Each structure stands twice: as structure tokens, then as C-alpha cells.
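Read through the structure below, which is laid out as C-alpha cells, and then see the notes.
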Amino acid sequence: MLKLSNAQIAWRAAQDIADGAYVNLGIGFPEMVAKFQPPGREAIFHTENGILNFGESPEPGEEDWDLINAGKKAVTLKPGASFFHHADSFAMVRGGHLDVAILGAYQVSESGDLANWSTGPKGVPAVGGAMDLVHGAKRVAVITEHVTKDGKPKLLDRCTLPLTGVACVTRVYTSHAVIDIAGRFILREKLAGVSLEELQNMTGAKLHLDGPVLDLNVPEV
Amino acid sequence: MDKTLPSLTEAVSGIPDGASVMIGGFGGSGSPIELIHALIDRFHATGHPTGLTVINNNAGNGHVGLAALIEAGMVAKLICSFPRSADPVVFTELYLAGKIELELVPQGTLAERIRAGGAGIPAFYTPTSYGTDLAQGKPVEVFEGRPYVQERWLKADFALIKAQVGDRFGNLTYRAAARNFSPLMATAAKVTIAQVSVIGEIDPEAVITPGIFVQAVVQVENPKQEETLNRQKAAYPC
Amino acid sequence: MDKTLPSLTEAVSGIPDGASVMIGGFGGSGSPIELIHALIDRFHATGHPTGLTVINNNAGNGHVGLAALIEAGMVAKLICSFPRSADPVVFTELYLAGKIELELVPQGTLAERIRAGGAGIPAFYTPTSYGTDLAQGKPVEVFEGRPYVQERWLKADFALIKAQVGDRFGNLTYRAAARNFSPLMATAAKVTIAQVSVIGEIDPEAVITPGIFVQAVVQVENPKQEETLNRQKAAYPC
Amino acid sequence: MLKLSNAQIAWRAAQDIADGAYVNLGIGFPEMVAKFQPPGREAIFHTENGILNFGESPEPGEEDWDLINAGKKAVTLKPGASFFHHADSFAMVRGGHLDVAILGAYQVSESGDLANWSTGPKGVPAVGGAMDLVHGAKRVAVITEHVTKDGKPKLLDRCTLPLTGVACVTRVYTSHAVIDIAGRFILREKLAGVSLEELQNMTGAKLHLDGPVLDLNVPEV
């Protein structure tokens, strides 16, 4: 079935980041959003381990392993960069100074709850900075496949996995749609080739309409 | 006043069994490999220290530094935010076997608890972890209509940190993002031991950790970098 | 991104009646005289802003800066630790006449409340003021056998601060002990306006206030120093 | 009647400061203690407004008014100095990193309560950093005249003025004696020319003995 690639989901999320915004991108998939800043816009990226305004990875062999992001990948500095310790870094997060955080998700509920840190009691639990980010940034968005690998909904009336945060996510960019959350799922954009009924069948809670539903148009990237 | 010590061996000689030890670094960035290895050396030579409680963001990577400390069996409990790692599996195995205790703390809460420990703040409220498993058993209070979780300070007997320049007063600077938790840990430990690449003068404007927070400085001229060691597949001793 | 503004007039133009304004400085060290005087200029020109709540360590000295702001009748409430001063008597007179409100806060608690405001910590516990008049009405809790007073965060609509070097991203450095409250206030205000002696590049290691905390930077090349002005017996306008 | 000068009280207090100690001296009279460090010992002085290891006042005309102490006096820097903001400065205080704070007093009680910030409801109240210092430093000592200007005791069973802190002072250096506080006043040293009875009459609570009372010998300074 027709769906967006991860790069395309990241591209779509990037279009909503304003020029000059302070942004934290979660480890892994969300890091991809940085690649797709629209021309003429420049966001400032924050990483939990103490850098503002870092840039892309250096050439292989050029890495400085004291200059890494939260995903432990080597990065570079852009003009206007700064270093700071972890308490100052999370003062930026918790204090509401970030404009947007974009995170991955196992599950998102229609009340905005997020589950993205634990798949249950098995294995070693690890949370990192996710629980801080969801209650700090002015806007918390999620990028995700619309359903799990075995086809189960990730957008639910209630999360069944351990929560990362309560009532924190306000927009979800999926492989099939863009959905706002305001106590309920409000469909804003969907792939033109997917019917509302098909999308509803892939979704674990009611999709509400509030104004027009736009076509989710994303270029090949 | 001269807080410099002549050797790593001497620097770690006072850490007893059962001590709580904050270890600086985020992943390999800022990890005080030489101090940790000196501590493992001492364990191999004397059987001590064991039963340590270690505070770090992670559980180590590869077979050097913190990962090697855990592999050596010296760690009874880990307080951290992200102990998951593909390699080594030693923490995972010990944890699943119930042989090592884990206190999982959100990263920003971990940083703030350590800062609070250093700043004489026994408790504070944070929105972080509200409504999650990690808030279980913790007091919740509502301020200005929003619920917050009460968290407690975190202090330690020792901090082992890696800095760039140190002077005889204990003043420190750091290198790039290797700063991370180290300035906080320096404030929250009874005894903070810093390995530094350079011993030299520091401009008062450039001091990141004022010397009042540091009890010992030991020079390690060309310190090893955990990530580089791991890419070379190095293992302790190295 | 360019946070620099062309004039002091523009920098202070958005501060409305009744705003809460943090003003950096400890005594004259770090006091943003030019920003304060630009605000008084605006008041004389337009009758606004009035009814301000000002947060500063002191109540001003002489007849310039914060003292002049109070003399102009623009301040309804002061939150500070040490409002006593031999000159001027204007705060004293207004206070004793019940015409200005005072919230007295211990200096370290004031600093920590401002930091908490910037760091998203709505409340914390401190041993400071326990058992004194300044703890009246505040919750007390015992941690590890010792009583602590619960204090709340302090935030503001604006911060007016003086820095040394600023860049177009809002990164700042300070000069000597002129740093004091300013880096904290920058984090706790919705809009932080910094006057800087120099606009130029800053080494990422040397940044004291990262630009994320600063909304506007305006250059004042040779800023006045409150203490020097007072020794010259200067008075606003000057 | 025989008594020590303020400089002599400060001298006596300075003798108890160890080499390498981190010290905060209250505004005014306590600042004088810095002048009397015994030869071979070097304390590191902290000021609330963000300097460690500051030194004496500069020559007149050489003042840098960005380089002042908590009393707003111009100071100089010694080797190993550092600057920091107010939250870090009071982390040093509240976090127990200072070895000793020496403060002035209106009144001290036998339980170690201190009153040194307010003489009552008249005038403008001002507290500064005193309430933080008394609960932060490892050792809080007071230097003071033994009695007020009109001859009333300053060492009391209970303070009558508003408190700065509860059970915080452990040693008092007065114009006549050195007294430890451990739930009661324990006399350690007194001027040889003052009898125990005379001293007791100047003191508002019982002076206890616990071991020998030494002569309080202070040179002319």
C-alpha cells in the first residue's frame, strides 16, 4: 500500500519548523528532519549533551569524539554555537526554551500521551532525555509509521505501553497523514491515494475532522 | 595550595568498598578512562574497591572504562538514564540475572538531582516523568494548575571526571561536549578527582569548575578516548 | 538569525505598564544603566511604562539607573534581598509611606528562585530562612532529619541585562563580577534584552549565556558604570 | 573596662582559619579578618557576588567597579581566582562547600540562633546573603562586642530580635572571650583581666565550663 518513506515523513515535519526555531530532534529517525530544512530557513539544533547550533556529521576520519550529539554521532559546529553542562542543557529543555521537539513513538494516544521508551518489562529499560523533552519544548511532535510492522495501530485511544509523558504530543506526522491532537485526533492531511475509511481502519481511535483535510504532498527525497 | 597529585594510583587510592562514585562523561565524550582503569588496576592488585554504586548517564560501551569496571564485577548498583548498549552485554546479563541493581532516572532529572546535591537543595519539583512508571511512589504536587513530581538530591562520596586544563587550585576547563555531567558531579561529591590533559593557568573568566569543588587534580597528558578505543576494539588493560 | 537591534529606544519599546522586569547587576557591577535610562526616557515621553515589578538584588544607589527608575515613580513593587541604602532615600520614603511594595528574599534564595524559573522547576527546598520571619506561611518539610523551606520559582516578562560581548545569535559573555544575576535572569524572562559593549564572535567554549535565552542584543560601546556615576554625583538624565 | 578592639577580635578569629580554607566574611567588621591570616597560611575568600580568591582593595584610583565584593568595595584578584554567577555562588554556600563563614551579630543565643539582619519592624528590612550563609558553611562563627553600646548582653538564652538562622553558630569571638556553642555557651578563653563572674554578668545566659579556660591573648594590631 502507498505510504511515505521515513525520509518523506521527516521532510514533511521539517516544513513546519520556522526560521530561527530552537529544535531538539530525538535519537535515530527524528535526526533525519535536520536534512530537510526548507531553503531560506535555518533552525538552531540543541542536543541534550550540551551543544547549541551543531551541524552535520564531519567527513569519515574527521570525527572529534568529544563533539557528539545525544545519539553519540560525531557532529560539527555552526557559527554561533555554544557548549554548556547538562543542568544548563536541561534548563533549556524543562524551562520551555525549545520551540519544538520531534520524537519517535511506539504509541500515541488521542489525549496526547506518548509511549516511546519501553516495550515492556523485558530487557534493560533505558529512558534518556525523552521524558524531559516531552514536558519542556513548546511544541512536541511525533514522526512515525502509521501502524506497527505487523499492521497494528500506533495511534490509539489509550497507550498500552509504559508512558513517556501525559498529554504532551500536539501533532503526529505519519507515513499516511498529519494529525493534530487536542484531546482527540484531528485529521489535517492525508495521502490522496488513501481514503478516509482506509485511514480510519489503520487508526486505533476516531479521526475527527475540523476544517478541510489537505492532500499530504511530499516530493521524492 | 596545591591540589595536584603525582599519579593516578594515588588519586584513586582512597576509594573504599561500597563507595558511591559519580563518573563524568556522556557515552565516550568526557569519560575519564585513565582514572577508571587505575581503579580497576587497584581492584586487581588488592581486591578493592568492590560493591560500588556508580552514577553515570550510561552503562559503558565496549570493554574499556565504565564497561570494564562493570565487567570486573566492582559495581553493585548503577544510577543512570540510558544503560542500553549493543556491546557489551555484560550489564544486560548482570541486570537480567539480578546481580546488579539499576536505578533508572530521566536524563534531565539525573542532571538536576546531581546539581541539587551540589547546591544544598534536598528536593525539587519537575514535570518530567509525571504519570509514568518512573514517578511511582514519588510525591506529586500541583503548582499553577500543573502536576509536578518531587525528586531528591543525589550526592556521592567521589567523582571521577575528565577535564582539559586544571590548575593547582583545582579550577578546571573542559573540551567541547566532554563537559556534560562533569561540572555538576564535581559539586555533588565529597571528593572530586579530575584528570586533566594540561596543568596550567586559567583565565578567571574561563573557569568552568571553580576549584572549591575539586579536591585532586592529576595530569594525563594524552588521554584515551573511549569511542576511539572501541573502534580499535581495545579492551582493558590498554 | 540576527537578534541585534539598532537602538536602546527600540530595545525597550515593548515593555508595557505592569510588566515584571528583572534587572541585572549587584550594586553597580553589571547594572544596565543605558537600558534603564532608555526606559525612563520612554516614560517621560509617553507616560509608560508604570506600575512595574522590578527584580534586582538592591534598590539602586544614587540618582541613576534603578534608583532613578524608582525616583521616576515607575516601580510599584520591588523583589530584592538588600534594599537598604544611605542614598537615595527615595525607596525608603516610598516604602515607609506604603507607596511601594517590597518582597524581601534572601540573596541565595533569590538567585535560586530565578534559576528555577528559567529551568522549569516550580518549587524547591532550601535550608535558608528556616525558623525566621521570611519563612512565614511557606511549607516546611524535613529531609534526612533537617527542616527545609519550600520556595517557588520566579519568572518575569522582561530581563534587562548588561554583558560584555554579544553576537547576532544572542550568545553573551560578561566582565568580571558584573556577571552576578544576569545569566540567571536571562533564562527566567520571556524577553531578555542585553546591552553589550562589543558585538562580535564568541568562542563556543567561552559563551556564558547561550543565545537561546536572549531575544535582543543592543550595542552600548562605552557603557556607564553606576558606581563611577555616583562618585561623580551624576543624576538621570546623564 | 579592658576589652579587645575590633581589629583584635578579628585577629583572634583569623587564628582559627586553616591553611587552604574556603572562607566567606560578612560585610563590614568581619571583612577585617582577612588582614590577619597567620604567616604561612592562605585562605581562599569567597564573595556572594561571584568571585573566589579575591584579594585586598586596590590603590585608590585603581578601582575596577566590576570587581567588587559583597560589601560593594573594590577588590583585586589573586592567582587561581574565578568568576561565576549568583546561582553557582550560592551553590557553594548552600551546598556546604565553604569551610567557614564569619559574621557579625546583634544577638546570639545559647542554642546557636543568630540575629543579625533586623533590629525590628522599623525602617527598611534588608537581609542580603546572611540567611544563606548561616545554613551553608561547615562552620559558622560570629565576631562581636560582648555587649551592646548601652551595656546590654548580646549573648542570650534566647534572641529577642528577628532571627537570621536557627542553631547555626558554633563559636563566638567577642571583645572579652571565645565561647563555643553546643546547646549551651561553653567558655574557652577569656581576657585574663576579667573575672569569670564579671564575664557572666555581661552574658545573658549561663557560661558553662568544659575543660580549662585559657587566657585570651591577642597582640596589639
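Think of it as A, B, C and D in the order they're written, each chain with its own count starting at 1.
By our rule, a contact is a pair of C-beta atoms (placed from the backbone, for glycine too) under 8 Å apart; a residue touches a chain by one contact, two chains touch by 3 or more.
What you are looking at is a predicted structure, and each value in this text was computed from that prediction instead of being measured.
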Co-neighbours of chain C and chain A - touch as defined: B
Chain whose average C-alpha position is farthest from chain D's own: A
Centre-to-centre distance between chain B and chain A (centres being mean Cα positions), rounded to whole Å: 30
Rounded Å distance between chain B and chain C, as computed from the means of their C-alpha atoms: 35
Averaged-CA centre spacing for the pair chain D and chain A, given as whole angstrom: 56
Where chain D touches two or more other chains at once, by residue number: 51, 83-84, 87, 90, 93-94, 135-136
Residues of chain B whose C-beta touches two or more other chains: 112, 115, 119-121, 126-127, 174-176, 204-205
Touch-based graph of the chains, sorted into line, ring, star, complete or other: other
Pairs of chains found to touch, sorted by chain label: A-B, A-C, B-C, B-D, C-D
Touching residues on chain A, where the partner in the complex is chain C: 19-20, 22, 42, 44, 46, 51-53, 77, 79-84, 87-88, 90-98, 135-136
Residues of chain C touching chain B in the complex: 112, 116, 119-127, 141, 143-144, 146, 148, 152, 173-176, 204-206
Footprint of chain B on chain A - complex, ascending: 47-51, 64-68, 70, 72, 83-87, 89-90, 93-94, 113, 118, 123-132, 135-136, 162-166
Complex contacts: residues of chain C adjacent to chain A: 1, 115, 117-121, 167-169, 171, 187, 201-202, 204-205, 207, 210-213
For the chain C and chain D complex, residues of the former touching the latter: 26-30, 59, 81-84, 91-92, 95-96, 102, 104-112, 114-115, 126-134, 174-184, 208, 225-228
